[in-house]
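Alright, structures below, take your time with them.
In the two complexes below, subunit A is the common chain; its partner is subunit B in one and subunit C in the other.
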Partner chain A sequence: MTPFDLVEPHSFEETIGLIEPDDPDVRVIAGGTALMLMMKAGVFRPRRLISMRKFASSLSGITATSSGELRIGAMTPLSALEHSPHVSRHAPVIVRTMRRLSNVRVRNVATIGGALAHADPHMDLPPVLIALGASVCVVGGAGERTIPVEDLLTGYYETALAKNELIAEVRIPAPAAARSAYCKVTTGSADDWPALGIAVTLAAGGATVKSARIAVSAATTKATRLTEAETALVGSTADDGTLKDVADIAAEEADILADGRGSASYKRELLRVYVVRAVRAAMQASGAP
Partner chain B sequence: MKIAGEITVAAPRDAVFQALSDAPFFASCIEGVRDLKAIDATHFSAVLETRVAYLRFNFSANVEITGLSPPEEIKAKIEGTPLGIVGRLTAAATTRLIEAGGQTVIHYEIEATLTGKLGSMGQPVLMAKAKDMEKHFTERLLAAFAAGGPGVAS
Partner chain C sequence: MAATTAPDGRAGHQVGRSLHRLEAREKVSGRAEYTHLMQLPGMLHAKIFRSTVAHGRIKSIDVSGAREVPGVYAVYTSEDVLKVIPDPYYGPAFHDQPILAVGKVHYIGEPVAVVLAADPHVAEHATQQIVAEYHELPAVFDEVEAAQNKTLVHEELRPAGTFADLKHLKGRRGTNIALDFRLRRGDVDKAFAAAAQVFEHTFRTQKVLHLALEPYASIADFRDDGVTIYSAAQGPSFVRTEIARLLRWPENRVRIKVPYLGGGYGGKLYIKMEALATAMSMLAHRPVKVALTMEEQFYTITKHPATLRIKSGIDKDGRIIARKCEVWWNGGAYADIGPRVTQKSGFTASGPYDIDNVAIDSYALYTNLTPAGALRGFGIPQLVWAYESHTDMIARALKRDPLEFRKQNLLRNGRPQATGTILKDAAIEKVLDRIADRLNWKQPVDHGTGTVRRGRGLAVALKAVISPTTSVAIVNISGDGSTTLYCGTVDMGQGSDTAMAQIVGEVLDMPAESVRIVPRDTDVTPYDMGTLGSRSLFHMGHAVRLAAEEARSKVAALRRELGEPDGSNAPLAELFLKKYGMQAGNIVGTGTYKPDYIPPDASGLTTNATPFWMVAGSGVEIEVDTETGHVRVTRLINVADVGKPINPKIVETQLSGASLMQLGFSMFEKMHIDGGQITNASLADYKIPGMHDVPRVMENETVDAIQENGPFGAKGVGELATFGVSPAIANAIDDAVGVRLTELPLTPEAVFRALRAKANKPLGRE
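Let's look at the complex of A and B:
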């Protein structure tokens, strides 16, 4: 690693003031688990890192509002989500996702805000949060605004955040009798980076799917909703014939990209198979996402 | 990683072949290429600077024209060494020109390999970038021919 300056401000406002919008080599760091890998590989050579560690506790924590909305501070470590009774009750799919998300050492340090701001399409949480309809509250020079997670991610390592904006909180809406599942496909160990990630949230009235949100990741440049596949699923009973159509539509709709974990054609076939498995898993999940 | 595609240019095949085998013109169609130097008639060196989000990649590249069959085919070998990252980029490119009623269809295939840390950390993001560069190359090439041909554009 090349030498760099480390600055440790004591507040969110101070952090925003230290950002240099025109210098991409000055970067804010949360848990740093992903950024450190890039720095060790030499892919990223920062001039200065602005650490949020000193005031992490003021931006950490998980609460549930009376309406059932989950509010998660951006600096909340992933392991806190994994063990939170609120998350377990309102969004158990997140707890299930954590079991194969890297290892406990990473989950203790990596944060939910960092996982979103880093915008690596191989992250496990973004598709799950998109399927759950989550949004982020961001704060910056122009004040505060809310962005749905599906609009936050705009490309490989790119987000809709302005250069002086930071994620302050993640909000997950009340479940509304929805069921969710996340299928992670790895070509290495079970907790490796995925070759494909697919998350599904369904609201079913009896045997009929009333609404659906499907998000794919790791095979695309960003975690992406598959709206045409969702439309094909809604109104059906998720029978074999419909699911075959959903698989074909999803494979056609997604803009698949190859990487070290598989060619585009391989990933397209994985998507075809795993979108069906994810929908079936969601249909069988208990009545909370 | 394999990149393949087709570009249709409203110009005769001879003119398109002439343009594509002209290294300065070819390099001018690629975003981020600078310091192109001709070592001899078939060997060139250049620096490629590319950017993805907040990441910068700089390659010192050597290009060898391995096959020139006017006006049908150009083959080239590219070797790139990234600055600051352990790894190497090697690529073999084949371009075929097909006549299509006064127009020319450029069919290209590039087989690229990234090794070392560049391969494990950089490959996915560079592949995503390659798609952008492909689009940009097409736009610049078509613009040059629309403006009356590479000679006029450059």
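Let's look at the complex of A and C:
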């Protein structure tokens, strides 16, 4: 790691003012768990880091609206989500996801905004948030705007954020009797990055699936919705025949890449299996974290 | 645990106590000293510029950019090193490894130049300003391909001369073979011809590494009259000898100080950063620290990948009458201890079986990869992977119970092992029986239904300890009766200090906790061959016992001299007081131990291959997810013959630690290599087992045994539980789902592909 400047502004506005859009060696740092790895590996050598630490408390916190929408400040550490009664009530899948998301040291420091802005396709939270229909409230040069998480992530470590835009808040809509599941599939150690992540949120009326959101990650360049698989599932009772079709469609639809954690053909088979397991898990989800 | 003595002044037995490790408090409270954290006044940090090509002639190295970086003290290449060390090649078996690349580079990651600066960040930044140009040469990465000698790694072999059996290789050209060990017993060809059935299988193991939590680190402080090296080293005596040789100095001008090690596992043997730190300190006239990052460990030393071909002839009664083993060891660019791995593991390549006709050919090969050396087992885990998979495959093909087939062919005490050495004090059958008992082997397995299938497997192994090797120890009783032990065994986490203190305490009848162990320092602690190959408890244990016994005799003589009545147990302090009139004087006992050994003849045979046999095995119960290929080890049993344990608790933790390390090597650890480039050289992409990978049930057990010639009946344990883990799991996978994997690691994808191939629906390769 080489020496760099660290500036610690006291407000969001000040932070945005300090960003130098034309210099990739100047970056905003939130929790820093991902950036520090890149810096130690020499992949990223900053000239200046702009830390949001000094005003993190004003951007942290989890509230639930009367309708059940969750509003999570961008600087909220992941462990706060893990232990939040609001999250436990309205999005228990997030609490379940946290148990295998990295380790407690990382969860205590990493933030939800940072996890999204970093756009590493191996992260666990983005597919879960996509499946939950979450969006981010973004503040920056052009004022304020709201972007669905599925549109925020545009590629491998790439987002729709302008260089002088920052995520201020994450919003997760009211669950409307939805049931969710996330499956993290590792092919190395239990705490390895996933070879495949798959998140599912369903709304069911009786035995019938009324709506479905399915997102795949880790095996793809970015966390991605599988809309054709969703369509195949909606209106069915998630019976074995339908699930086989959903698996085939998902495997066809997803653009799977090979890496050290598995060949593309193997990960496609994993997707086939785990999209079914995730749908079944969601159908059976009790709402308990 | 408080040091206690009975009212009569006797401490009682110290051997057999499950004493907590003596240094545990120091370590968990952060007070223990490690080289990686040490600072010396005026010290410079060295950062290494490494080769980006696998094999090439160095055309130019431009260091001007690095020299211009503010804060850089100096930048050095081999040109500079040659000025202070004219023959800068080191290694335990071959003098083949240069301090910095001279003329050629032989693997990606090889040190080419070094930047020195007071600030390590400045030095690291400056290394990126260095530009090297290479004329690339053809490279060879695969061990079997290397054996064809079409692409050569080195022009000429440079054996060190310390090993008699390598002398014939001196000056040899046109070969990548750094050692060819050959064993011929009986007449295999005749036996194969007579066999009712012949089985042949080929196995492979992958490249993995030690990954000690404390990366390699050395600090050299060179002065005109001597050099002091602080180092995370498993073998300080070897380091001293080798640095003295490089400097052409007598050994007494070289001092090696070794604090605690943050893990070693065989990686920190021989020369690692010591020679580079010394050369840099000579050039800079300042103390220089070379402390690697976690990532740089991937470019330092690894385990040997191997290809193993094994063929067995079985007679009509199911007896193995012939076995032929061919092993190719991928040693990487420099030999390190590879030739020793090749030879010593070659002794037992045919396994713990009683086979009259054996042929073993074991080849150490140079390739253009990170060098390979010793890693917790000295090649044995690779061999056991092959022969215990092979044995199981034969049993299944013969429709024999794998346990019964093994027992029918097992080598028993009193019978000659493949080398011709008679097996003694090797509880192979007891170990195997205990594993089978714990697995409830006689009862059929519930293989499960649906997508989760269950299976079980076992494996048992035999190892000859590295021989002959020497250990020396000194026990010093001070005027107040307090006792200090000087021994060169390095405690790198295995608990050797505690065990040695227990031996001193046993002999001198004092609590082990009261014995002080002097930190390793070659100016103070006497010679020891090295902390390796599970040899320390036996060899150093004997030396410590002998030293303590000599001290005890001297105490007895002093009692007689002072007219103490027979059977007197007057405290030691009183004896000294009586003798010297004040608290003064010392009683010093020394002990040297070197077991007998007869080197193998041209056929690889000897009647004394080893002072003791190491025996261990593992049994597992597993679940296979047939839809994904995921294998879960639900129960892991490790059983070993360690003779009589000196410290049962430490033995248990050594067994569990070794088996978990091997579990990682079995299930997922692998250095991915593309054209000689390691593509996952970081802990983000190279994963070792974590808490969630520990099997739900783990059982570690030692069988009731005594090593007759061991110190208090004991022998070593450090490596034992690495032996059986990999084949036990592969055998269990076969038991569960009927597919056989012959290559490590046993990844979910490998299992899945095998399942699909078996179902005649092979999975595409893309």
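To be clear about the criterion, the second predicted complex is superposed on the first by the 286 of 289 C-alpha atoms of A that agree within 3 Å, B and C clash if a C-alpha of one lies under 4 Å from a C-alpha of the other, contacts with A are read in each partner's own complex, and residues count from 1 in each chain.
By definition in this document, contacts are C-beta pairs under 8 Å (C-beta built on N, C-alpha and C of every residue); 3 or more make two chains touch, one makes a residue touch a chain.
Computed from a predicted model, the values in this text were never measured in an experiment.
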Partner chain in contact with A:L37 - subunit B first, subunit C second, else both or neither: both
Contacts of A:P3 with subunit B and subunit C, given as first, second, both or neither: second
Which of subunit B and subunit C A:A119 touches, first, second, both or neither: first
Subunit B versus subunit C as contact partner of A:R27, first or second or both or neither: first
Which superposed partner A:Y157 touches (first subunit B, second subunit C, both, neither): first
Contacts of A:L270 with subunit B and subunit C, given as first, second, both or neither: second
Which superposed partner A:D191 touches (first subunit B, second subunit C, both, neither): second
Which superposed partner A:A258 touches (first subunit B, second subunit C, both, neither): both
Contacts on subunit A seen with subunit B and repeated with subunit C across the two complexes: 2, 37, 41-42, 258, 260
Footprint of subunit B on subunit A - complex, ascending: 2, 24-25, 27, 37-38, 41-45, 119, 121-122, 155-158, 221, 257-260
Contact footprint of subunit C on subunit A as seen in their complex: 1-3, 37, 40-42, 185, 187-193, 258, 260, 262-266, 269-270, 273-274
Residues of subunit B defined as touching subunit A within the complex: 1, 52-57, 84-86, 117-125, 127-129, 131
Touching residues on subunit C, where the partner in the complex is subunit A: 121-122, 124-125, 128, 293, 295, 627-628, 664, 668, 672, 679-680, 682, 684-685, 687-690, 692-693, 747-749, 752-753, 763-766
